[in-house]
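Two complexes, one shared chain (chain A), two partners (chain B, chain C).
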Partner chain A sequence: MRPWLATALTACALIALWLWLTLSGVVSDLFLPPPGELWDALVDLVQNGYKSRSLWEHVADSLIRVIVGFGAGAAVGTLLGLAMGYFRTIDALAAPFVEFLRPLPQLAYLVLLIIWLGIGETSKITLLFLAALPVSAVAARDGVRNVSEARIRVAQSLGASEWQIFVHVVFPSALAEIFTGARLAVGIVYGTLIASEIIAGTSGIGWMILDAGRFLRSDYVFVGILIIGFMGIALDRLLLAVETRLVHWAGR
Partner chain B sequence: MRDWRSLALGSLSVATGLIVWYLIGALGLVSTELLAGPADVWAALVDILRNGYRDTTLAQNILATLGRCFAGFFAAAVLGVPLGLWMGRSRMADASLNFVIQFLRPLPPLSYLVLLILWFGAGDLSKIVLLFMGAFPTIATAAMAGVRQVSVQRVQAARSLGATSRQEFVYVVFPAALSMIFTGMRIALAGAFSSVVAAELMAASDGLGWMVFSASRFLRTDIILLGIILLGLFGMALSRALVAIDARLIHWRGRE
Partner chain C sequence: MNEGNNMANILTTRRRLLKGAGLGAAVLAAPAIVRAAPAPVNFAFFVSTSPFMIAKGGGWVEEAAGAKVNWIEVGSGAEINTGMAAGSMDLGFGIGSSPTAAGISQAIGYEVVAMMDNIGPAEEMTVRKSANIKTPADFKGRNVAVPFGSTSHFRLLGFLKTNNLSQRDVNVLDLRGDAMMAAWTRGDIDAGYIWSPVKSKMLAAGGEVYKTYDTLEAAGYVIADLIIARTAYSTANPTAVAGILAAYGKALDAYTKSPDDASVIVGKQAGVSAEMAKADMAEYDFVPLKTQLASAWLGAPGVQGKFAGVLKGTADFLVEQKSIRAAPDVAAFAKAINTSYLAKAVG
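Now for the complex of A and B:
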């Protein structure tokens, strides 16, 4: 048997199971919509939107939050991480806070941000900023630490100044790890976004899923999950494409 | 010498942070309703230790959170490791199962939490299934990748020395895959710790996440801050412990 045949067979078996469960009435369509209903829900959402906003507005709202929060967090985190990797003193001063923040579940401080900043965009974007920052900082710091001693010595012996070494040797060498950190951060920010929209939101794909769940519209929930899944994959692929473009020497 | 210096600088910066936090309240820059001071948080801790929080003790909440986290994680490890190893060894298993796992992997766990609550109710089961589904794809993928990256030379060397397929797996492939399996488990456990708090915010009647969320309804920032500090300390302890276990079990890491 060929591998692709095995893939096709399992996929068919799963779809058959789905059809049987839903069409025979074993599982109520409140819990699991049959394929036809799922398709209708998608068409309905594309044509009419959800709760007075079009589907694209929900997607755009979520994307803007991710991009602004991640962009700001990754930029500040990377700068901090580069400084931490380069200067031991800055590392020692900042490390306790970064290491406290990194494993801290993001939702734990969401309630505090809501009390301070309200339930609007500011608290959500601050949350995503704080989620991206420590991951990017640690990646950039480790990237700088892992630059080979020999490369720096070579540059020094060729008469490079401290600044030239940083710009032309240390930073490019650390770039691969910075990008790995950025992809990790996007994943975390993306997961946090859904949570932030669920807890306090009136728009966005995450909010749509929760709101549809309240009304037992599991067809809308499924469509929302699929959209979130594909958006996540697209974001990751995009970063990967930028990475292979910018850091074309990675792995060589 | 260097360690001593960074420890001193680290303590200095934590102490500065605490003093700034204290001064913000003491000088009245921000009202204590919005930001409880260090003394208030300490008082909240003492109060909760003595009287509990809304009919739950602190230990009960900590155990609820950690218990859910480990239950979901262990279920994922028990199922994910053998399945990942199998997918790494067998092309057919890879072809028939991997696409399902790779579909689940990038989904943020909270996106399907609503469905799980619909299916399994608001109790512990839906939370444990949530954590399982978040951790399982990561662990299975890591185990599969671990098997795939075992060097062909080693396997061939074992075979040419007459190892059976079983011996080859037990003595060559599995130990070599172990370091990636462990990395996958570390990532999965960190993710589970984050998800469990989110799940507790949505629907729970105990746990540290529930305590923080419930305190926020009454604007009790002292209890919120206490919860955040406890969660941060547990998170740090968890990641330190995993690094230590990793260094112990896979002592050959980085020396291959």
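Now for the complex of A and C:
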């Protein structure tokens, strides 16, 4: 079977099951809204927004948080990781903190961030920043460490300076792993988004899902999940496109 | 109930399989069913300073239910709605009138069997003294915190609406109790609409009361904490429900007779000092069970009380806020208030 056919088959099967469950009345629309209601909810959200903000404002607020948090976290993390991979001392200094932060569930320190940074955008974005940083740092460090010794020797024998070796040999070689780390990080940041919007929210797709869930508005919840899901795929594809342009040699 | 029966069936089948043909299956099945203890009651409750905690602490609920009680601690009425919809809660004590109105509108399948308290001034706006907020217009551009979906949220939105303020004029933030206290301490918010103990803590930390409840109550924004039962449970166990309500009535009497003694027990159960428990409880209007049967409140069997209208009004407001899709007519709310257990409990 062709891959696309298999994908189409599972999608159709799922939609058919959904139609049957909701239209036959087996499942109450409180648990699973029928397609018509979902469509109405989407149209309603597009036209009238949700709780005094338009749908686009919610989407934009979430996107800005993700992009700023991820961008800053990945940039700082990558720089830190490059330094950690290149200088053993920096690695020894920073590694314990990075390794401790990386597996830590973000919700664990959420309350601390609120107490320290308040309920505004700063605490939300910092949470996302801290989610992206360790993953990017570890990826960049491993990328630097995996650069083949032979390449560096060749550059050295050609008389390249330390800085030239770093910029022209080490960094490009590590770029593939840096991008893999970035894609991982964007996934984690995305997963943390809802947690960050729990606090003092009045905007964002994550907050919308939480707020609608409170009143069992499963139609809005489903629309929110679809939006957040497609946004996630779009972000990942965007990174992938950048990667294939910049690191076109990777894997070859 | 269903679960209990299934358990009994599984037990009998198991034994049948184990013991084999030596003994008659019918002989064995019978005692197994007789011996099966009644299914435990799944009881959702809030840890709060309420006389109900006396009944809970004294084991009166287990006694009245004649069964084991699974105590499920919740933090919001929304959790009770979700638990009831999933069928994993049988009774809910202290759910606010706005989540209840939402639940009835969505036909979750529960009924109001009694009221715990009329909230009155116990939930109220606290403003920072230094912010100099004296009129509704002073709220413009301020950060006001409230736990979304709560009765306080309903009141706050009512306050904004009756004063022609939009949710854009005032920055309304969704904060739970402890987070609200943190935000207040940091100076991130200038006002908060909530209940004690957070309310009294905010008042003690540079806050003052901005009175809204009297005008709002007059405008129909009445809020209360209710006692609900999953209809499938209450119809199958009417005696247990009436018994539990009677146990609550006994606790209420104990509080009315001696607030000081009651506060010691309640404080211990809720994890606050006896003084704090007493001060908190003094703010609530714990309407006696008998009074609740009057038409000014829930009404009696066959007599519709005013409260059906309150729930209908709340539900309409929630529809306007887009929190729920649609609200049924007032008759549906009257039907969802079942005072027969309450009548039995006081009778």
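Annotations for the structure displayed:
Rule of thumb we're sticking to: the second predicted complex is superposed on the first by the 236 of 252 C-alpha atoms of A that agree within 3 Å, B and C clash if a C-alpha of one lies under 4 Å from a C-alpha of the other, contacts with A are read in each partner's own complex, and residues count from 1 in each chain.
What we mean here is this: a residue touches a chain if its C-beta (ideal position, glycine included) is under 8 Å from a C-beta of that chain, and two chains touch if they have at least 3 such contacts.
None of the values given here were measured: they were computed from a predicted structure.
After overlaying the two complexes on the shared chain, residue contacts for A:Gly229 are found with chain B alone; chain C is out of touch. Looking at the shared chain after the overlay, A:Leu17 reaches neither chain B nor chain C.
Contacts of A:Pro105 after superposition: chain B is touched, whereas chain C is not reached. Of the two partner chains, neither chain B nor chain C is touched by A:Ile64. By the document's definition of touching, both partners, chain B and chain C, reach A:Ile115. In the overlay built on the shared chain, the residue A:Val167 is in contact with neither chain B nor chain C.
Partner contacting the larger number of chain A residues, of chain B and chain C: B. Of the two partner chains, chain C is the only one touched by A:Arg217; chain B is not. Contacts of A:Leu93 after superposition on the shared chain: chain B is touched, whereas chain C is not.
In the superposition on chain A, the residues of chain A touched by chain B in one structure and by chain C in the other are 30-31, 111, 114-115, 199, 213, 216.
Interface of chain B with chain A (complex): residues 2, 5-10, 12-14, 17, 34-35, 91-92, 94-97, 99-100, 103, 106-115, 117-119, 190-191, 193-198, 201-202, 208-209, 212-213, 215-216, 219, 221, 224-225, 227-228, 231-233, 235-236, 238-239. Against chain B, in their complex, chain A makes its touches with residues 1, 3-7, 9-11, 14, 30-31, 88-89, 91-97, 99-112, 114-116, 187-188, 190-191, 193-195, 198-199, 206, 209-210, 212-213, 216, 218, 221-222, 224-225, 228-229, 232-233, 236. Remark: chain A residues 30-31, 48, 50-52, 111, 114-115, 118-120, 199-202, 207, 211, 213-217, 219 touch chain C in the complex.
By the touch rule above, chain C contacts chain A in their complex via residues 76, 78, 81-82, 85, 102, 106-108, 145, 148-149, 166-168, 171-175, 178-179, 182-183, 186, 188-189, 318, 321-325.
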